[in-house]
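In this document, chain identifiers A, B, C and D correspond to the written order of the chains, with residue numbering beginning at 1 in each.
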Amino acid sequence: MHNHRPTDRLEYFSDAVLAIAATLLATELPKPETETGLLQAIVNQWPHYAAFAASFLFICVAWSNHHNMFNYIRQTDQYLLILNILFLMFVTLQSFTTGLLARHVGKPDERMAALIYHGTLVLMTLFYNCVWWYAIKKKELLEDGTDKKLIRLLTKEYAMAPALHLAALLICLWSVPFSIIPVLLLYVYFALPWMGEKRVK
Amino acid sequence: MHNHRPTDRLEYFSDAVLAIAATLLATELPKPETETGLLQAIVNQWPHYAAFAASFLFICVAWSNHHNMFNYIRQTDQYLLILNILFLMFVTLQSFTTGLLARHVGKPDERMAALIYHGTLVLMTLFYNCVWWYAIKKKELLEDGTDKKLIRLLTKEYAMAPALHLAALLICLWSVPFSIIPVLLLYVYFALPWMGEKRVK
Amino acid sequence: MHNHRPTDRLEYFSDAVLAIAATLLATELPKPETETGLLQAIVNQWPHYAAFAASFLFICVAWSNHHNMFNYIRQTDQYLLILNILFLMFVTLQSFTTGLLARHVGKPDERMAALIYHGTLVLMTLFYNCVWWYAIKKKELLEDGTDKKLIRLLTKEYAMAPALHLAALLICLWSVPFSIIPVLLLYVYFALPWMGEKRVK
Amino acid sequence: MHNHRPTDRLEYFSDAVLAIAATLLATELPKPETETGLLQAIVNQWPHYAAFAASFLFICVAWSNHHNMFNYIRQTDQYLLILNILFLMFVTLQSFTTGLLARHVGKPDERMAALIYHGTLVLMTLFYNCVWWYAIKKKELLEDGTDKKLIRLLTKEYAMAPALHLAALLICLWSVPFSIIPVLLLYVYFALPWMGEKRVK
């Protein structure tokens, strides 16, 4: 038998890491060099603002879903803890990959930067799913009486994130600008109101 | 019907982002170059200290009001969550726009920097109001039996923030130094004791 | 009558700001330039490590005392909130003044840097005391039945901090190295075991 | 008699410092210089990514164990607080020593950087153990009825960390690459499932 602990401290720690990672994104924004006028300098830096907004929203959506997932997880064990820590590790890498992508938009290494950006998101969302897959396999970690249909629904929903980021990664090999399409799809998918309905506990 | 969840985790996450954003402001203070003597260098950097103090106080006031607002909001749904996340996004941009403004005081791009600073505050306080407007429109999100007069009072009070920042933005087009007047008015308005009385729950 | 609110969120926000301010101190440590060998470079940077340790311990002691003080404060109002925010503002300036002091040890502007360092601590601890003075003046903010002797004892104890930092500031005008004496006295004062006894609630 | 206080605020503050220290590690990752191509630049920076991952995992494991330890500690006093603060101080130094080590891999000062890295970990884990040793010596700080066998088991388990890091430090004097062996052993030791079983409360 494993060492089962309540999840409140794990949620607390995860919330803190996600909040800090989201807030640190703004500190990566470059100071505009104003030789060409401030407005022009800021307009030229649009990739930084776009990447900042995308990554900020992404981390907040991840936080919201992470919190939602732990509504169904009653306790943790050593393995779930480690999977969650790996998820958080890739969350904290977001500020690094966001800056990397923004600095290379329209430059020779744009594709490589986009591949690294999407690759980190694939790994982050994959470990997120691993936490869930592990929890539903070890049924004693779930809240008692969690509806099986709901579990299947959430499993599908969560799997959308790494699937669409993997799609973005593959599209990147062919065209970097089009790789934004699966990411936008993901945003729409998570923001749509009928999603909320399905997720009613 | 929507997915209604209690607001405690949302408040927790918002508090963390606001606390981090406020604390990070100090890391944007430039290291004084001491060729002209340390005291002189620090005196020359007064716009950085003034902008730091203004933004720190502003984020703390935003935290206080945000917390106050969620005394009346009982639960959240997907849309309220997204509006709150957009509010937080502009909060985290404060350290960027504060540094921008401070670096350009008394320089050619002063007006543009002030416009960006006030513009970000207009958007931040506007999304703050959107959270409130959405919550009072969807009455099931409010605490039961919240006094209608109180709701109207709070609605007016909260609307002061984007209105006065918009005024500051417009005054900027004519005179940057005078644009500080509506901001000071806002501070006085929120700090005055009779405000507290009105806000008694 | 004023708007009285419970203090838990204020404590939470203060704790978060203090924890972040303490942790950010380490990010101000300069990267050693290794032209002269790493060990030598690190030894040469001793003022940074000493200042880091002093400021880290100081913020942690401030956290501990702040938490202790709010054991006796039952609720807050608008003014107490503002005094507490001003206390936090000077806490977040610690990383700035710590780096300033460390960079100027043994250099011409050493005295000025030390004056700024001690001056910030005087203001920080003064606002800390203002929170307490305000709370004990407005007796309805205190926990019912708080012992009057205990209040007087705490008032004296808390006043030691700005008094000793003011002493450090004044000694600085005469000799910078000796200005560390009142700071060390303060540490010993707060760390001594019989202090704990007196503070038993 | 000492001043005994519940541990919840201490745990909260420690959690926050650990979460921030872990998240700040990513901000120390250097921006790749892309003269040689982005992929090559990133491959050349492997020591930074390896050191980031090692330190991130280490802080998360420290958090997990710290939280576990405080399951058995019922209250704190002044000394336990100070020992815990010293533990946290060395936690926050992790981002500094991690960057130091990563910048010197394969360079002349590699050994010195590794000695500093391992030395900081020895001190961090030693103060962690001091917290525990102090708590079990002052039995009134422990939860009532904590099993004596369990205490002995945890004491041995916790002592593994400074012992293995000291081993790494000593191996460093002879060979830097081999010094990673005790660190890996420590990871395996803490990750193994039978560890969890033993730690069941």
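Please note the rule applied: a residue touches a chain if its C-beta (ideal position, glycine included) is under 8 Å from a C-beta of that chain, and two chains touch if they have at least 3 such contacts.
Since the model is a prediction, treat every value here as computed from it, not as a measurement.
Colleague: In this assembly, which chains make contact with chain B and also with chain C?
Modeller: Where chain B and chain C might share a partner, there is none at all.
Colleague: Counting residue numbers used by both copies over all numbers at the interface, does the chain C-chain D contact come out same (over half shared) or different (under half)?
Modeller: Mostly different residues form this interface, as fewer than half of the numbers used are common to both chains.
Colleague: Just the number, please: Cα centre separation of chain A and chain C in whole Å.
Modeller: 38
Colleague: Measuring centre to centre with CA averages, how many angstrom lie between chain A and chain D?
Modeller: About 27 Å, centre to centre.
Colleague: Quick check on chain B: which residues sit in contact with 2+ other chains?
Modeller: 16, 20, 24, 27
Colleague: Following the definition at the start, I'd like every touching pair of chains, please.
Modeller: Every touching chain pair, ordered by label, is A-B, A-D, B-C, C-D.
Colleague: Mind listing the chain C positions that touch chain B in their complex?
Modeller: Per the stated touch rule, the residues are 1-3, 9, 12-13, 16-17, 20-21, 24, 27, 77-79, 81-82, 85, 88-89, 92-93, 95-96, 99-100, 103-104, 109, 112-113, 116.
Colleague: Looking at the complex, which residues from chain D come into contact with chain A?
Modeller: Result: residues 15-16, 18-20, 22-27, 29, 31-32, 34, 37-39, 42, 53, 56-57, 60, 63-64, 67, 191, 193, 195-197, 199-200 of chain D touch chain A.
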